[in-house]
Structures are given as structure tokens and as C-alpha cells.
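Naming follows writing order (A, B, C and D), and every chain is counted from residue 1.
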């Protein structure tokens, strides 16, 4: 069992005819993802990597019903495409684009709540049920099945750590990228809840960073409701306050979202926090 | 068992310090309704009929949590008060006022759906669980317990028919007024579904009128999903097309919403349609 | 409140919705002047009725003289009993295609609904169901581009026309919401070389929301008595029978009319004076009814919030003041019934307990005249 | 993008939010002229920094001569390293009470949030948690009157001030939403005899939404290199160490910086050149970094979408073109690793497989200088 998605999950690709969209459609198909259709207004009737392209999500849902959709749409148009997917009945929406305006993100999240849908991202690498289904842009080869659930705010850093695990013959159940923006759909807590309930996940890795209060909220939640061991790594220890470190959400503002505060919260909650990315593997092995 | 409300239902009165609000608070208390508080901005701290008055619904919910609220607020301000109730967590909202703007009603209904709440009205007499709890403005004495579930688009006509029942020693389980406006929260179908599931309701009376398509939709639903006998009376047989007969919703437009069309639909669905209000009693007795 | 076409178009323009160039005129001479600047024109009678074209209320002219002549002719017409007081003189559009587009209120979904069809220009009732695309709009996000794209797909529209519709439709939605419209219909929506143009405008504003739109003129589409009833806040509809009817509540008033017809009588009106009216208001309602010179008066009161004694008092007062002497059929039950009954019986009025009896007697009285 | 106070106030005015009468000036003489029409004035340095008051950047004057003098003084200041180029000369308000009011984005609820307090005029960080009312706004209906009534109740405000806040707050919400603001803060919101007035305006517009607000001037709050990085679409932050760092992905770049510090080194910058960059873009990122004259160069690539051969090619090209000769610590793994590694090793660059090794070597190299 995996969380959120599994090998039967039927997936649409919005913006499938674009450069990113078509490339990652191929990558996802290679991984085994069950992509049933693509959407690209005005390009209905074409095919990309053998996947039929439709003009609208509604048309796609009529002809190839899907549960999930992944969005490769330029940021200014992402709001419209996301609302379309949600209105058409998509229940898991993965928002890859970076630079989606904040107010657009808030609109998307409110509508998703209204529709009872889960949003991953924006500015995420997506999520993967290792070995079965990848809805995202992460490199295929590092994601092999195993007992570790991973949830991360950043992409390459997550690959770095999962890469370490892979080298050490430790696979993952599900790896979820929350996204580097300030307003994102899933928070650590949501994913932790799922991992706790997932019988295949034995250890949880949480990859956080400075900015916001998601790690602090996660710590509170772990203290109260997570029985499985949690190992964390946090980026941004050396970051100066008031500067945005690449991610829109990675900023220490008005004394909030500091590295030390987050480490303290997590440690208090019983989470082992690794000082360096490479130490995560050892902490996991100790925990299991 | 009754539908929607019962003797434990905790009720707020919005606009309790007004003439209508205070009068009907007294009437409802007399009937046995469990009114826990009233709301009237700027009048917090007062009391009406022994019921404490609060400045906002949020304050009332903090101090006297309630499930239902009944609104006696002038139509131009009803939207704000209704949204407040829904936002504060009210799950059953009874909208008494007439002349609430259509677009305001649509806003209220959309927000109620969002919040998972039931709206009765606007332009309704409310609803009553006979003998236990009345959230509305209907005269107390006609509503005595018994086996008949009643759902009506109009008020006095409903009292007329329920009055006939009472004279004939036939009481009611629950009586629901849908409201005479075009956009109302509950439709016949919603209430029929509840009556079907309610073990105490043995016969259902549907009181409709010209305009809209609620009766036709009800007929389709009855044909498919109601096992209990349904008796109907419809008003407006003699009404000319294009004229609004008192209720905003009682109008035949573009050939739709006619009396004959509704009677035909209901009869086809097996509903006995009374030619005169006074015949409803006999049809009920035959059905039981 | 229905708006005249010219007023609907004026408001459309304010919301960025393209309409033909044109002018409202009230005389043949003004029509000729207006036409001078417009080339070929269409001259449209401004009445609150559909099917103006079939009734001869729409005409064309290719020069000012012709415009004068046609305008003069139309200004002398009555269209469906409505006097033509104003004309709209507009440039004649070069129409490539006619679409139908409307926003209305959908009672089933409780949402605004887009109605769109490629069969523009014909009576909307005649458009086959399957060729009319219906799209309810979630008010929490409004009409978004994606929805218009999907409507276009269902219509089978693509290319540049699709893009024009995507930029046009949200404006009509904005208008519909901001103006508290019950209906905003464009039939036909003209496809021209210059883009989409609203060739007609059929707009109804929600009466209950007029208080938010004080800038709108008051438009009379009712009889004098109906207007008076509006002022009094009474629900009144004039009919062509001879039994005047008054009751408390829309449903029971309709049922009373129905029963009169059922027993062979003819209602003169619908008058619902509402629940909980006081003596003055009840008296006003009664006086309004008497002003129609009915042959028989039928009053049907089932008192809930409405108090029987109040109705009786109002009746006695009005009779004393006006001294009317027509057959009265009075049904009175409910709150304070005993007091009310006593007051009426003292003045010789027989009071019935059931609606059936009261109606039967009224019908008999009317027949006996 | 942070807006200068005067610009925030200009926009406030467009949204119907009352602000003091005033004028932006760039010289002492202009300040005197502006003061002439305003009576007692406040002179405020226009810099994108809080705590201007404490730094002496805000002053008062009761006549034009005083205004000239004070303006001249402030125009020579630097406030938190920022040169004062403009001043806002405003009427001095007669303030009865100071409130705090802001709209911000709440990441937890994913909604706009109203922040309101009676403790206006002081640093918001110093306001006790329980005296700051927080109210997330459901975007599907916006900020409704009832919500403001409830906020007022929680603040303990009633009467006429409550009514003023009810009419004021929705305007700030409109502004916040329509202008794509991240933050719209008024501190203090002045209660005066003439009503509520925004005595200050601290507004940040979402950089990602600037494309919807082309009317806004570009405001520079960054160093020249940071500006250049913005143009290239690179995430770059200048720091004060000597090891220049470049990596692909924000998280891993932060982690690289952290590791440098962990092993005793000092990062010169943060540079995330993103995922999937081509040769040109990678070369531009590298050139930007070299322009800072770093002592050591540390490149950390974990190739997913980013191809190792592309990074290697860009590196070789730039080195050929610029001929730089500083210690380079290169970590390269992932997509097309073999090709990339070969290209680098051909030019004598040692390639590391782990981040730890690369960082250690960079730190040692910097220490050896």
C-alpha cells in the first residue's frame, strides 16, 4: 500500500504538448505511471508519447476519466488550469510550476478544499509511490521500493538524501515534495498522518528548511500523534535573516522561521535531526 | 425521531431584538423550542424573553453553542447575517425574510454548501418537529404529533391543509416550509429523502405550486426512490402565464412551470393529487 | 424589472460589452437625424415585449428619409398592447453568424447559469434542447476562462471565434452579477468582422435588489393598480373575472382563485396582503380591491400571524368609510377568530369556517347577478 | 517588491483608503514649499527599512523654514545603509488613538489574514500575542461586514469607531487582493476627528504577480549583482564569505552553504541556478559568480533534470573564455555523469562524488589562502 497514489492511479498531464510536459510524460511512462491523457487547449486530437491529447480537462474526463493531474503550465496561466482540473473532478493535483502568484495559490487551495481535493505544490517535484507510480519530475532511478516514507520541502536536496538511501540499499514507500512556495497544498502534518497509517512505512524522513512554521507545526503533531520514528534534516542553518534563499518560503522574517527554533521543536518532539544530509542514513538505520 | 431537528436542537435567533424576532422567540419558547441565545449587533448583554442577547454569532457560539439559527433580519442585511451564521458553524439555517435579493440567495447557498450546512428558505415559515421543536413562525396549535410528513412551498396554504389534518385528529411528524422564492436551500427531493428514511413518517404530503421545476424533479425522484405513499396539492391552476403570483417563484415563464405539467409528472409517479385542499385528508386516510 | 433594450445596451457598454452605434429617439425627425450619421440603420421599437420583429416593430432604412418614414410608422403602433414611445436607431451590422448567449438564475443548482447556442436570432423556445449548452457557474470563483473554453468545445467553436467568446463572456457574467440581473440575454450575439457585438439586449433586474441600483430609472410595465399595489407592498395581479379575492399568503390566495374557477366562477384578481398586516395595511389592501369595482368580494383568512380581529376591524372601517354594498363572502378562522367573527356578525356579515363554503357562496352570488 | 511609503499611500488613495495630505519631495527647498500649504508637518525619509523613527529619519516642523532645515538634515542621512533620496512631507495628524491593521498571507490556513490590534504605533514584534487579533479570510466570499464586527468585538471596540472600522477594513482587503500584496500594513492607523487615516503604509507586492501590475515602478532594493541575477532568473543572495557556491535547487544550495559553515568555511553567496538549465544559462550563472572575485569556487551538482554534461560544458567554456585560475571544488553526480566527469577531468579538474568531500576540499583551499 502506498499513500495518495498507487499503480492504478489514472493520471492526466496538463500542458502535455510543451517541452517540459512532453519530456516528463515520457519519464513518467518509463517509470510505470498510468497516464491516460493529456490536455492542451487547441491541440486536441494530437498524441504525445502515445498519450491522447484533449482540448479541455472536461473532455479528457469524459473520455479518459482520471483521479490525478500534473500541471506543466506557465505560472501566469496555472490558476486557470488548476481550477479547471478541480472543477472537472480531479482529486489529486500536482502543481509543478514555480512563480505562481501567491493570491492565485490561495484561490487554488480554497477551491480545492471546496472540492475535497488534495493539492501537491506548487513549486514541487511531485510525489512518487516508489516502484509503482510517479507523478512528478524526480529522476526515476533513485526511487526504489522500501520501508522509508519521505516528505520534503525541497527537490534536489531530497534526491540527495534519497540517493544516499538508495546507495545503502534502503528504498522508500512514498516520497512527497511539498513544494518550496509559501502557500502550498500539503503540509508536513498531512503527509505524516498518512505515513502513520500506512503499514508499509516503518520510518519517516522529514526534510525541511528555514522559513514559515511548517516544521514547528509538524513537531507538535509528531509529539502528539506519530508513533513511528522520524528523522529530519533541515537546510538553511547559515542563512541570514530577511533574505529569500531560492524558495519563496525559505526566509526568516520578523524573527520567525529560524533554523534553531525548528531544530529545537523537532528535537523536543523526539525527532532525530541530522547535522549533515549524509547522516540521515545512519539515523534511519539506528531507528529501525 | 424527527428530521432535521428535535427537542434537543439548540437554536439561536438572529435579529432577536426586533419586533418579529422578539414576538416569535416567545412563540417558539411556548412551543418548547430550546432557544439558547439571540444575536443583535450592538445589543449584546440584553435579554429577550429571558434569552441572552449577543453582539455576534461568533460570541453566541462561544458562550451558548447552537446547531441551528433562525433569521429575522431585514432583507438587505440578510446576506451578511446568513454568511455570519454559516461561518460561525451553524448547520441548519432558517431564513424567514422575504425579498432577499436573488444574487444574495445564491451567495448564501454556495457558502452553505461549502460549509456543509442546510438552509431552509428564504421566504419560508420555517420547519417544525411537531410537538417538540419549532424553528419558524407557524401558528403553534395546528402542529401536533402524528404520522404525516409535510413539505410545502407556501405557508398559509400549508397551515390550511395541516389544519384540516388536525381537525381530523391526524398529526404530523415534521412540517417543512421550503420557501416561496426562486432560489431556496431545501428542495422537495431533499426533504422526501429524509421522510423516506424516517421510521415515524408513514405518509408524505407535498404542497407545491406553479413555477420552477421542483415538483417535476420531485416526481422523478418519487418514482425512483420513495416507497411511502405521497399525496399532493398544487396551487396556481388558474394563474395566467408570465405573472408572478405573490411568491417570487410562482410564475409560468416561457411555457415552463405549468400546473398541468406538474400534475402530470406527479400522477405518473404514482402521487395522488388532490383537486381541492380539503381533499388531502381523505387521500391520506385512503393511503394509510 | 425589465429594462428597455436601449437601457440594457447602455449598461452593457459600461461593462465593456460591445453594442452597435446608435441613438434613442422619440420622433420621426430625430430618427432621420440619428440615421444621418450611421449609414444603413435598423429602427427598433422600444417596448418590453418579445417578438417585436414579428409584430412589425423592427424595420430597416438605408437613408435618413427612409428612416423618418419607418420611424413615423412604428411610432404609431401598439405592440402586444404596448404603446411605442421610443425607438432605437442603430447602425445595421454586417452579421456573419448569429449566436445566442444568456446568463440566468438556475433554481435547481441555485447558481447563475450560462446558456449558449449557435442558433442565435431565433426564438429561444424553438432551440432544440441539445443545441443549448448550459453551464452553471460556481459563484465562489466566478466564470473562469477554462469554463468558457469548455463551453466553446461543447458548442463546437474553435479558433479566433473561441478566443473572442473567451474575452466576451466573462464581461456578461460581471454585468449579470454586479447589476443583480435575473436575466441578461443577447439574442442575437452578432459575429462581425469587428468582433462580437450584442445586437439585442434583454435584461431583467431583480426587483428585490433595486435598492442597490438607485441609478436605474423606474420602468413601468404594470397597470396603474398593480403599481399602486407595489407601493403598498402588496402582491397584486389584475385578472379579467368578477369575483375580487383577498387572502393572506401567496399559496392560499392561488388556491382560493383555483377553487373559484373549480366551482365555475371567475377571479377578478390575485391579492395576497401577506402575513401579520395591521389594520391600516389591511384596509389599504381592501380599498385597492374595491377600486376595481368588483361584483362580489371574497375574503379568505386563515389566521396565523394574521389576526382575525384586525382583518374584521379593517373591513368594518372601510365599509363605514366607503359604504360599499356588494355581496361579501368572508371566511375567517385562526388567531382571535371569536373576536373577529363577532365584529363582522354584528354588522350583518355571515362568516364561514371553511374555504369551500365561502368560495361556493361567492360563486353563487356572482352567478345570481 | 517593497513599496516606498509614498507609493503605498498613493495606491491606498486609489482604493478609497484615507491617507494624510502630503507631497513627495527630493530637496530641502521643495520640502519648504510643500510645508507651506500644510501647516504643521511631519517629514519622513522614504527608505525601504523599518525603524526609520529610531534612526532619526522622521521629523516634525511647524513652519516652512523648519521644514527646510529638517529636510536638509534627513536628506544627508543614511538609514540602515540606505541613502535617503526622497522625503514625504505630510500634514501632522491630530491623533486620538493609534491602531495596528494589516493584511498578510497566512501559510498555515493558506488564506489572507487580518491582523488587528489596539497597540498601534509600536513595533509589531513587541505587541503581545494575545493583543493581536488574527482573522483568516475565506477568499470565496471575501471580507464581509460580519467578520469585521467580530474582529471589533474581539478588540473590544464598539460605537462609532466600530462603524468606521467596518467601512475601512474591506477597502484594505480589496487593495490587498487586487494589488497582489504579500503584506499591506498600516501602523499606526490613526483615529482622528475626521475618521480613520492610514498614517503609514508598508506594502509588499508579490514579485511573481508583478506581471499583472505593469503600472508599478521598478523598485531596487537589491545589490547590482542581485539585480543582474534577477534578470537572469537566478536565485542569488550576496554573503560576506570567500567561497563562491553554485548548486541546482534551493534546498541543496542551502545545505551546501550550511556544510561549508559546518566545516569552518565562509560562503560568499547563495546561488541556485535551478533545474534543467542549458549551457548558456549555466555559463551565465557561473560568470555572475566569477564577477564577485571569489577566492574558491564550489560547485555542487546532483543531476536530475539538470544534465552533468551540460554543466561541465558550460564550465569548460567559461574557463576558456575568462581564463580564471582559482581553486575549484566540483561535485558532479546524476544524469550524464560519466560524460560530464570526462570533460572536466580532461581539463584537469578533480571531480568529487560526494558533497562532503567537495565541501571539505573547498574549505581547506580557502583556509590555505
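Criterion: contacts are C-beta pairs under 8 Å (C-beta built on N, C-alpha and C of every residue); 3 or more make two chains touch, one makes a residue touch a chain.
Small disclaimer: the values here were computed from a predicted structure and weren't measured.
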(message) Looking only at C-beta pairs that count as contacts, which pair of chains has more of them, A-D or C-D?
(response) A-D
(request) Compute the centre of every chain as the mean of its C-alpha atoms, then state which one is farthest from the centre of chain B. (result) D
(message) Assuming a repeat means more than half of the contact pairs shared by residue number, which candidate in B-C, B-D or A-D repeats A-C?
(response) B-D
(message) From the mean C-alpha coordinate of chain A to that of chain D, what's the distance rounded to whole Å?
(response) 26
(message) I'd like the Å distance between the centres of chain A and chain B, where a centre is the mean of that chain's Cα atoms.
(response) 46
(message) Report the inter-centroid distance (CA atoms only) between chain B and chain D in whole Å.
(response) 54
(request) Please set out, as single numbers or ranges, the residues of chain C touching at least two other chains. (result) 138, 140-141
(request) Quick one: which residues in chain B touch 2 or more of the other chains? (result) 107, 110-111, 114
(request) In the complex, go through chain C and note every residue touching chain D. (result) 140-141
(request) Could you pull out which chain B residues touch chain D in their complex? (result) 41-42, 44, 55-59, 80-81, 83-84, 87, 107, 110-111, 114
(request) Would you mind writing out the residues of chain B in touch with chain C in their complex? (result) 20, 75-76, 99-107, 109-111, 114, 125, 137-139, 152-160, 163, 180, 182-185, 187, 207, 209-210, 212-214, 217, 233, 235-240, 243-250, 254-255, 275-278
(message) So in the complex, the part of chain C that touches chain B is made up of which residues?
(response) 105, 107-108, 110-112, 124-125, 138-140, 177, 180, 182, 206, 208-209, 211-212, 235, 237, 239, 247-255, 257-262, 267, 270, 272, 275-276, 302-306, 333-335, 354-356
(request) Can you check the complex and tell me which residues of chain C touch chain A? (result) 138, 140-141, 144-147, 149-150, 153, 158
